[in-house]
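After the structure tokens below, expect a handful of questions from me.
Note that the chains take the letters A, B, C, D, E and F in the order they are written out, and that residue 1 is the start of every chain.
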Amino acid sequence: MEASPASKPKMVDISRKPTIYREATAYGRIKLRKSTIEAIKKGLVEKGDPLFVAAIAGIQAAKMTPQLLPMCHPIEITNVDVKCFIEDDNHIGCRAKVRAMARTGVEMEALTAVSVALLNIWDMVKKVEKDEHGLYPETAIEKIIVEEKVKAELE
Amino acid sequence: MEASPASKPKMVDISRKPTIYREATAYGRIKLRKSTIEAIKKGLVEKGDPLFVAAIAGIQAAKMTPQLLPMCHPIEITNVDVKCFIEDDNHIGCRAKVRAMARTGVEMEALTAVSVALLNIWDMVKKVEKDEHGLYPETAIEKIIVEEKVKAELE
Amino acid sequence: MEASPASKPKMVDISRKPTIYREATAYGRIKLRKSTIEAIKKGLVEKGDPLFVAAIAGIQAAKMTPQLLPMCHPIEITNVDVKCFIEDDNHIGCRAKVRAMARTGVEMEALTAVSVALLNIWDMVKKVEKDEHGLYPETAIEKIIVEEKVKAELE
Amino acid sequence: MEASPASKPKMVDISRKPTIYREATAYGRIKLRKSTIEAIKKGLVEKGDPLFVAAIAGIQAAKMTPQLLPMCHPIEITNVDVKCFIEDDNHIGCRAKVRAMARTGVEMEALTAVSVALLNIWDMVKKVEKDEHGLYPETAIEKIIVEEKVKAELE
Amino acid sequence: MEASPASKPKMVDISRKPTIYREATAYGRIKLRKSTIEAIKKGLVEKGDPLFVAAIAGIQAAKMTPQLLPMCHPIEITNVDVKCFIEDDNHIGCRAKVRAMARTGVEMEALTAVSVALLNIWDMVKKVEKDEHGLYPETAIEKIIVEEKVKAELE
Amino acid sequence: MEASPASKPKMVDISRKPTIYREATAYGRIKLRKSTIEAIKKGLVEKGDPLFVAAIAGIQAAKMTPQLLPMCHPIEITNVDVKCFIEDDNHIGCRAKVRAMARTGVEMEALTAVSVALLNIWDMVKKVEKDEHGLYPETAIEKIIVEEKVKAELE
């Protein structure tokens, strides 16, 4: 008497899929106070440069995807490129590109990199985003999407 | 000649802060196709029940926060509660409450739980959200916020 | 004056072994109270469905094998299938199949998946298995074995 | 429309439980060939002393319990003691005692230490336990139980 | 027949030790080519600012100490401060201070932070330190020591 | 307005590099009191055989390199060989060789294995190296270098 077929967690079997070049690009952004964006621009954030910390944490997170997503396969990632940037007066954007020679796509790795990079932006500017109750009335991770995917036979 | 004070990464020193009861609630949601929501409702998602897998992965992620966010402190979390639910025809919502007796707030833990839970929803329904190019024109993690925080002296 | 050759820990060198298809199936079971098995059947376990949680945790554990077993090699697992099921009035069984294109067998990965899945069954039903002293007079993980292994050249 | 209350994974909230001294002892054993036990006794196992490697891996595993068991809380373990020993001509036994000042019991930590220690015994002697098909007709982890638990107010 | 008492790995039992304020400072340095130090000064290292990456990686490593050192206890670190700096024409220095309210000292955490920070400096400048054979005739981590320890009852 | 190109953290893209046999050997040593070396020789260290524990921890650390060094790629290591040995009256030496079929060199993995093995030697003999202030006036990790690298097309 197993859990019913529909609900039982099931990892896709990729044993017979070919190892080819895979690339995926994800994007996301976080809404911050205008004054926070100013502080980032001027290098005045006390905990350090949020864009730099977020980029490193995003790279690390891409490599942790199989631990964070139970149904994801371990993959020998060959590159993670994470760019965090000031988009406008109220937004920090983040774009992550993941590359691998793999049997399955790497969009979850790119999405994980973006999500964790944005969480790190939040963490770095907590102090200046908080209101008097310790809440974040203006802060929000607003949008995380997949922008592009590439599949190719190299050489 | 160190990196300049403004940019140097710096963890907050919480050694002298008192250990009190902390609670934080975060919320987020993911936009999916109506047909995908239908499939979830009917228990027809091939990889298993996305709401169940996401809840477990969210709980696990809360405990991994100090590995994902370099400036976060390790905390003895006393409870993580992750609820994933169908919000409307196009959205799965997720709410995570984290509790701890700690020297610092747990909002980053709650935000991490929500973010990773939503990434898992995406991963579980990839097959039915993809278009013919393997892209996700309709899928988006739309909004991640902190809803509530509690600080209290217990007993 | 090194530790003597016999006792020095030594990882097997698999550099020259061919990458071929590997599969291993392990099985194990846990003895529980009849009343606990009934509670599982009826979906009455307070902490959630033990079979579902155990299956996910087993999949995660297979991927963590090289961290848990010092002499094990990191492997790009291509599939983990974990089935937890009610065997009889007093037993939950668990069967895990691990697949990989690898230079070494994957039986340790399958055994790890089964072991951790069974530990999770225990954890989920602790409350109803405990006696008045907080002990587990009837609970036991009884048997963990390798059932089958496959080695094949694909394509 | 959440997953039904009965099946939703749920971590126990220990926020209000007192921090007291906790101790738990678990035991387990693995059945091996008589010739393998002889080889261990004589220090002839090629990969190194299985009892030593298993003890270290068991200690490490106890500390990884919250990552392996989704519903387990992170705990500041104050001691892990793992003893692996030759029980008789066909068995290696393992006993693990875990201690902590914690809000919840540590039996899962002790059981995890024993389980992973026994998996390591298996891994270390794979070569001499395998038959000509690469299978393990005689090898089995036979029994894993909780032997004792202590709860006390220190000083 | 256990492994003999002298060799059996044994974690110190800190259950009865008081939780007090602990601080430890470690220092280390890496020898690099003068031209590499110049490149770091001018912000010309292709992989990014080595001092910044090393500082973050050192903080992360301090938190991973119990996974890297089997006999170390998990500790709720309250602060990690890692400073990487140009010492002279041939050396990058690194100083890490770790703070915790804990039952045991934190010098291993500080030493781990310094060691991993220095490994990251090496990794960031590999390209300009390598000779034509891909070797590092001039690169060396030269010295890692504990500089200071503090034990105090706070408040 | 991204972080400037010079400082932005950047992982090398190895997607187009061929998978070939890689080997790297690193060496390091730790200075200890003569009396500590004597205690190690005689098997009198209370926490267990430091050389054995260090070797295992070094092997484990090599596999954790991509988590410890943000810009490192995950690699399917095929062998780690860690030897810890008494060099002279005041030094324990450590040599680690790492092998892999990979798109990039494995010197960082070998250096990480050596660094973490030496940290473990320190941790195992803390008690007998400490002075009356809990400091380590004589203990130092003195030198960590790359000794050799091999690149070859196998078969």
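Assume contacts are C-beta pairs under 8 Å (C-beta built on N, C-alpha and C of every residue); 3 or more make two chains touch, one makes a residue touch a chain.
Because the structure is a prediction, the values reported are computed rather than measured.
The minimum number of touch steps linking chain C to chain E comes to 2. Although chain B and chain D share one sequence, what matters here is the overlap of their interface residues, and that overlap falls short of half of the numbers used. Separation between the centroids of chain A and chain C, computed from CA atoms only, is 31 Å.
Centre-to-centre spacing of chain E and chain F amounts to 13 Å, using the average Cα coordinate of each chain. In whole angstrom, the spacing between the mean C-alpha positions of chain B and chain C is 27.
In chain D, the residues that reach two or more other chains under the touch definition are 7-12, 48-49, 52-53, 56-57, 60, 64, 67, 70-71, 74-76. All chain pairs in contact, by the document's touch criterion: A-B, A-C, A-E, A-F, B-C, B-D, B-E, C-D, C-F, D-E, D-F, E-F. Contact residues on chain E toward chain D in their complex (touch as defined above): 1-3, 7-16, 66-67, 70-71, 73-76, 103.
Every residue of chain D that touches chain F in the complex is listed here, in rising order: 48-49, 52-53, 56-57, 60. Across the complex, chain E meets chain F through its residues 4, 6-12, 28, 43-49, 52-53, 56-57, 60-61, 64, 67-72, 105, 107-108, 111-112, 115-116, 118-120, 122-124, 126, 133-136, 139-146, 148-149, 151. Of all residues in chain A, only 21, 41, 49, 51-52, 55-56, 59-60, 63-64, 74-86, 99-101, 154-155 touch chain F in the complex they form.
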